[in-house]
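There's a structure below that I have some questions on.
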């Protein structure tokens, strides 16, 4: 995939805790095309945030390669590496924790500007900071620029975070649950602004969320990757994923989400899982890690073999799933114990 | 409709802070009927938790109830909660009205076994028969789909978040209360766990017949769970009606705005928009209708006169001067569906 | 910091501590310079009981006759030869006094002089307060030789009376108390700086480097922390001759850092996980920027509080060492006053209370001020407590 | 869809269980620390510039006109080491002796075993410091809890203010103050009569006069230790209780309609007291350290006073022995506090770490 701006190849990541090692990411392969909308969706502990941090270089993968514009990041040195680090930025979840309380908004924006020699003096820095604040809709600038973070509302702070991510003129921005802590009534305006940045600034956006409805809104023209316990279990164009989910996990997830529409949400089909226990990452079940909960579990297959991402049998669609029965063309039969 | 269990009449609560008084909840009135679930929805700081804390006298010391009364009826006898003696209030808590707080992660005393904590609760309300309490506890734990014996013998840290939340629900109904207040019961839980909690709640309510006051910022959850919905904004109740009323025929611009700002999974591309501006400062709230600075329908009158919270059709209340404009706008908006 | 002053102002207790510390600062600078240090050994006072001062003794009928020295002009005044009185009279420049000197003879001259007063040979007696108590007021005294029950002690202002009396060499204790804090306070601050600096550097390095470096540093800290500091310090002091304040400060500082180092490590570890630090890393800001601009300002309060606490620890250690005589006793400090108090038995001398209490209270108040101030700082820096106020 | 509890099926082999046993691990760690301290103190005394052996050799050379070699041999016999062996060999011999409970002989009083000296003085210090710690721990917790319950009222203000002051003043300053004010000025007691650990007129034994006499002699040091340490407990307990009071489970316990007594004891008290057990160990070290001066001030013949005596006599073997014993006491009280904590906190019991 030559048009991929960033690509994960067989990324593994594990954390050490005492003597045990926790596999947080396993065999992640993912290519993000330039200016594509991509959403990583999953529940807590699925590894989506770790993926984001690896993507922006905050964490090093335990094994595997990351390619940025076709170059293996681990081979980049000096200014090349700096160029990569500047080109991928992250927007955090918590607007209250992501801004240093001891700095003013101007400080926060000017540090990276000076560091990367994007401005020469204070006047230029102020001007550039002002421009960035305008870009993220914090106007009039003079009301904001000399304030401290605690003087701003949650929504305003999140906009400052976005402005800060833009200081280095990045090509890729990872938004890690970036609106989940913002009030419902102003979420969409921030999301819309981020989506506009693709057009106006040419930034490729990777959106990480646990909220499938938001993911759908954000990446309607893009793709969604669903993660479960450190692996991608399903990936494909957003309309396919939200309307015709394939993987049992995605199906259960979609059926479980309530909708802000009383009639529809009460008539939704519910998929009953066989177990509500989420296995610990240190004690992952053999085979498909979803099999102890999967309603369509096939004994002897799902608990033995590790499923790989592949298209559903008999379909030429772009959706890939990691489910053995589906990729082998077997019908899904409810499992009776 | 069935009998009224809790009648909230014109309750106002303020917080004293160094800058002045935060008008956290103002002139809240509603009736809670037997066996119904009423959702209080609104964003952070809208006063929904404050007003429910006042029912069980659990407001922080900085808070002061400045007016109103809450009438509670059990077995034909009606009393004003605000005039309860300390002993009567202690007995009222949990026995008549249980409150399940958000974040069950830390809801149990870490050094006592779950069993102890159930027995504690029963003992405090004069249930001396230990065997009977254990029997009921086991029953309830089974109802919330937990392994009863093992849960009972566990320490809180041995249970996962979802299990703790369900144990807390079981504990909530231990004394067969008439009213159960649920404060964001599924926030911070995974989607699949959230689904399980919803199912458990519905089942418990149909079996035990208690009334629910349901506090959430999640419209989808309200749509699924509630019989009636009240929208709160800046410490005031702005709209109250059946779930159908609020979700399909909202009369208040804020309710409409909220509905407009949440994406729906089952639709294709949605037309979303945020409510402009930020939530108001509750120490110095706007004059007239508190929503008017953010309201697309606002006129001069809204700035000057506070709208009355009145019944526009049977069972559907709203506080807005120009509901007819909202009706018109909503018809235009939703025609495309 | 801009929110610090109003918060301190609100916190009355912290304000007391702060004002106290300002007072001590003045003490070791301005006051000390104003008062000077009385280092003149008065040979004629070598026998004066520590802590006593000169008083005037008269017969009861003359009780109110002499309110100042001038009133005695034309009268006969008795003095003891080796007491401070001769010097005092010499200095006080009162003409026309008739002076009768009595021999000292290890105190046995005192009854003689008292008898003379009772018999009307002299009209007044300038004598040490302590001796008055011993010979005149305490009837159980074995030295009680004469019936003096008709004598009264009056104490006209005998010139510049020594506020806290004199030490065994006749030096003004008051000037010693004023001067006795400077070196202690400076040493304590130095020791505090050393231990805080070590704790900060090692804690930050351990947290940021991680891995084997972290484990080694933490192991060292855990090891030092279990050895009771003070006994180790005196054992070390027994081997190293502590004749130098900088050495003392360094030694104390070298032993006091582990607890703070562990706390700072924990702080840095938690701060490092903060989103804004991560954002700074993602923006490729320099390591120095991250440590000094992102992490340090957010634990400055913590470091300052612990610096203040480290000063109290250092004060405890050094005065303890001095008290036991294991640290410099050449410089006349509060600690040395206590040391002499113990070693020369002044501790058990009923007249020396003021002389010993002065350094004791000076030390105690200094420590109290530090602690009150540190608690005020804690409240000012802790946003959780601030919110509650 | 009944949910099973994940976890506690223990499938580890026995040796792994043994290795991961919390109590055992803590014990081995403590032993290791003690070993490290022994090594540290040994080499400190042996290898420091101007180390005790050298000093003693010089002393012998000067006072008794011996040659260096003779003096060195004499020193060696008194320090109980083989002068021909290397320091490392001496170290292992020393370790072996220690294992047999032999700490060598006192240098100044030849023929007296250091261990028997320590055994003579240790019980008094343990008695004094132990009872003082118990009193200040319990009283401090009580006052701290009281202050936290009445947060920001005059009760709290008074308790916290006094606790700050009391905790600020060094224990030996309290000793001096007590002596000056109550002993010398007010004459509430006769300081001279209270020196030593008991009245020599009452024969030691388990009888009332002796116990009373021991108590009478210990009362001043105990009071001093209590004054010196109680402020810390009060402030720590106040802080701990304040944060526990803010915990969800306490609020929910109130919402559950539990009686105030039950909440204050089983919900707040127990949880608030937990972190204090970790502080207990540190406090023991601190109070023991202070005992050197306090015992010296009251002329109480305990371990601290013995340490000071051996230091002033340059009796290095005794010094080494006392320092070791004090450290071992701290290390093992650390361990005890740890184990106690793990008994009280179920979270530690299972996972084995805090």
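Here the chain labels run A, B, C and D in written order, and each chain numbers its own residues starting at 1.
Basically, a contact is a pair of C-beta atoms (placed from the backbone, for glycine too) under 8 Å apart; a residue touches a chain by one contact, two chains touch by 3 or more.
For clarity, every value in this text was computed on a predicted model and none was experimentally measured.
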Interface with more contacting C-beta pairs, comparing A-C to A-B: A-B
Longest centre-to-centre distance from subunit B, chain (CA-based): C
Inter-chain centre distance, subunit B versus subunit C - centres from mean C-alpha coordinates, in Å: 62
Distance between chain centroids, defined by C-alpha means - subunit A, subunit B (Å): 32
Geometric centre distance via CA averages, subunit D-subunit B, whole Å: 54
For subunit B, residues that touch 2 or more chains besides their own: 145, 160, 196
Junction residues of subunit D, two or more chains touched: 1, 3-4, 6
Touching residues on subunit C, where the partner in the complex is subunit D: 13, 222-223, 225-232, 234-236, 238-240, 259, 312, 315-316, 319-320, 323-326, 338, 341-342, 347-350, 353, 356-357, 360, 363-364, 367-368, 370-372, 375
Residue ranges of subunit A in contact with subunit B within the complex: 43-44, 153, 155-156, 183-190, 192, 210, 212-214, 216-217, 220, 239, 242-243, 252-262, 264-266, 270, 273, 276-278
Residues of subunit A that touch subunit C when the two form their complex: 53, 56-58, 82, 85-86, 88-90, 92-94, 97-103, 111-112, 115-116, 161, 164-165, 167-168
Subunit C contact footprint on subunit D (complex, rising order): 33, 36-37, 40, 44-45, 48, 50-52, 161, 164-165, 167-170, 172-173, 176-177, 179-181, 183-185, 191, 282, 285-286, 288-290, 292-293, 296-297, 304, 307-308, 311-312, 314, 319, 322-323, 326-327, 330-331, 334
Contact set on subunit D toward subunit B in their complex: 1-8, 247-249, 251-259, 262, 266-267, 270-271, 274, 344-347, 350
